[in-house]
Amino acid sequence: MTAQEPQDPAYESRVRASFDKQTFMATIGARLTRVAAGEVDIEVAMRPDLVQQHGFLHAGVLASAADSACGYAALSLMPTGAAVLSIEFKINLLAPASGERVVAAGRVLRAGKTITVCRGDVTAYAGSSERLVATMVATMMTVRDRGLTD
Amino acid sequence: MTAQEPQDPAYESRVRASFDKQTFMATIGARLTRVAAGEVDIEVAMRPDLVQQHGFLHAGVLASAADSACGYAALSLMPTGAAVLSIEFKINLLAPASGERVVAAGRVLRAGKTITVCRGDVTAYAGSSERLVATMVATMMTVRDRGLTD
Amino acid sequence: MTAQEPQDPAYESRVRASFDKQTFMATIGARLTRVAAGEVDIEVAMRPDLVQQHGFLHAGVLASAADSACGYAALSLMPTGAAVLSIEFKINLLAPASGERVVAAGRVLRAGKTITVCRGDVTAYAGSSERLVATMVATMMTVRDRGLTD
Amino acid sequence: MTAQEPQDPAYESRVRASFDKQTFMATIGARLTRVAAGEVDIEVAMRPDLVQQHGFLHAGVLASAADSACGYAALSLMPTGAAVLSIEFKINLLAPASGERVVAAGRVLRAGKTITVCRGDVTAYAGSSERLVATMVATMMTVRDRGLTD
């Protein structure tokens, strides 16, 4: 991963404004904790209403945070007026997600004119220990002229 | 996909009881609408707090419902005392998810001793029309003797 | 999967001509056994130089055949002058691939202006028995104006 | 990725012997260029019989090399007597693969008792330049007591 050159100098405020429209992020208590060119982190705190049957964070919560982190990492490098859509993502669950919080780190691997590929690693934090609990690779699309923005 | 033989005759109540422990399913308003051997459907109604920035259902909501549908389709064929864990899943988003509700249909493609592979198709319903909006293939694992059940 | 409407009436000869340029298909002995609108089958006969360490067909052989079957199923629905590129694919290996031959069946799930998503099921044949040994979901891209065709 | 502890001190000879049984690797001219604990590189030189319709290395060639690199990275950490099988892999194609050769670098992300997850990055080399052309995440399984080894 190399340093990325943003095409829109106002990318940070644009990412933050779009994230605020993702009501689902608020529903799971997700917060945008880092926005840089090609790099976006999203944090989700453990909550009893986000778990699967064994008390771990539901894989869907991890996937939701990683998908948004990847999508916004991609959007941060897109030109003004373009919108981002998820084409597909795959996530491998490496360990049960417990602890106080998880951080999904979206990073652009390659930004093309139409297709951007991102990695999204999810790390769980418990006290002073941390553990990689999931890894995603996602394909994002730059959409123009469909009445969508951001 | 062929008819599947359950090893646990009480698979339906077992799946329903485990689903009820997935608090995240309640958080997104997901309901278990079909439980058969190797086949589980989960329905999520559109809600304003489940969307992404363009007002469509967030891809993470679709993935969450499809992951649980696949996981419980797999669990329905597992022996008593075993638990199910998601190893990985990939989802392709085929069309924006709008309408009144989506149904994620989890179907076992192959049930092995340790690994079960499932397909999860997500269909959106709007009035009398329906549309395939996403398709998942997921790998589930049968876990024994780790202090986990269902 | 619904019936698909080809935009190029000469799609079959176009697919066959492009397949013939894929020298790697000849290298693995792959043959194009079916070309319809949105549906392409590719057959590979078992050969001792195509196996992995246990004597089964290498997963890469299955992936190669399924990728080409998906790509050509997608190309069969593309307009004249466009080219197809693989964006990504995922394959789940369901059973060891033995027997006399495998057939990879590429089918278009959704054909969009830029992105086409296909499923590729690989079936192994041994005598009178058949077995699904792998399933792929692939994302294909319609490329225009890059100096590429087919 | 942290340093990995091999369980079988003879892992290198074991990996090399198993690779030599993968006749398909010889068919595509693949060479094992690095074997360390949890890390295996496989190199494939460009050849005119390995390409797709535009003259780039076929995505199936990249996937084949990356799958074997991931599988052997996983095997290098497995106990004596166990065998490795590919459960699934996904590969994103980031750029057309041209140049003189590609190297698929398989690296273990997490080695569990039954499931090992690996990343496989494929880099193309042309003269003094190099380019990441594909990235894979693969799930490998440790198989015991099925009459298979390595």
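The letters A, B, C and D name the chains in turn, as written, and every chain counts its residues from 1.
Everything below uses one rule, namely that a residue touches a chain if its C-beta (ideal position, glycine included) is under 8 Å from a C-beta of that chain, and two chains touch if they have at least 3 such contacts.
Fair warning: this is a prediction, and the values are worked out from it, not measured in the lab.
Peer 1: Chains in contact with chain B and with chain C: which ones?
Peer 2: The common neighbours are A, D.
Peer 1: When the contacting C-beta pairs are counted for C-D and for A-C, which pair yields the higher total?
Peer 2: C-D
Peer 1: Hey, how far is the Cα centre of chain A from the one of chain D, in Å?
Peer 2: Whole-Å distance between the two chain centres: 28.
Peer 1: Would you kindly tell me how far, in whole Å, the mean C-alpha position of chain D lies from that of chain C?
Peer 2: 22
Peer 1: Quick check: how many Å separate the C-alpha centres of chain A and chain C?
Peer 2: 32
Peer 1: Do you know which chain B residues sit against two or more other chains?
Peer 2: Residues 87-88, 90, 92, 117, 139 of chain B each touch two or more of the other chains.
Peer 1: Under the stated contact criterion, what part of chain A meets chain B in this complex?
Peer 2: 18-19, 21-28, 48-54, 58-61, 63-65, 67-68, 83, 85-93, 96, 148, 150
Peer 1: Along chain C, where are the residues that touch chain B in the complex?
Peer 2: Of all residues in chain C, those touching chain B are 90, 92, 94-95, 109-110, 117, 119, 132, 135, 137, 139.
Peer 1: For the complex, which residues does chain D have touching chain B?
Peer 2: Chain D reaches chain B through residues 87-88, 90, 114-115, 117, 137, 139, 141.
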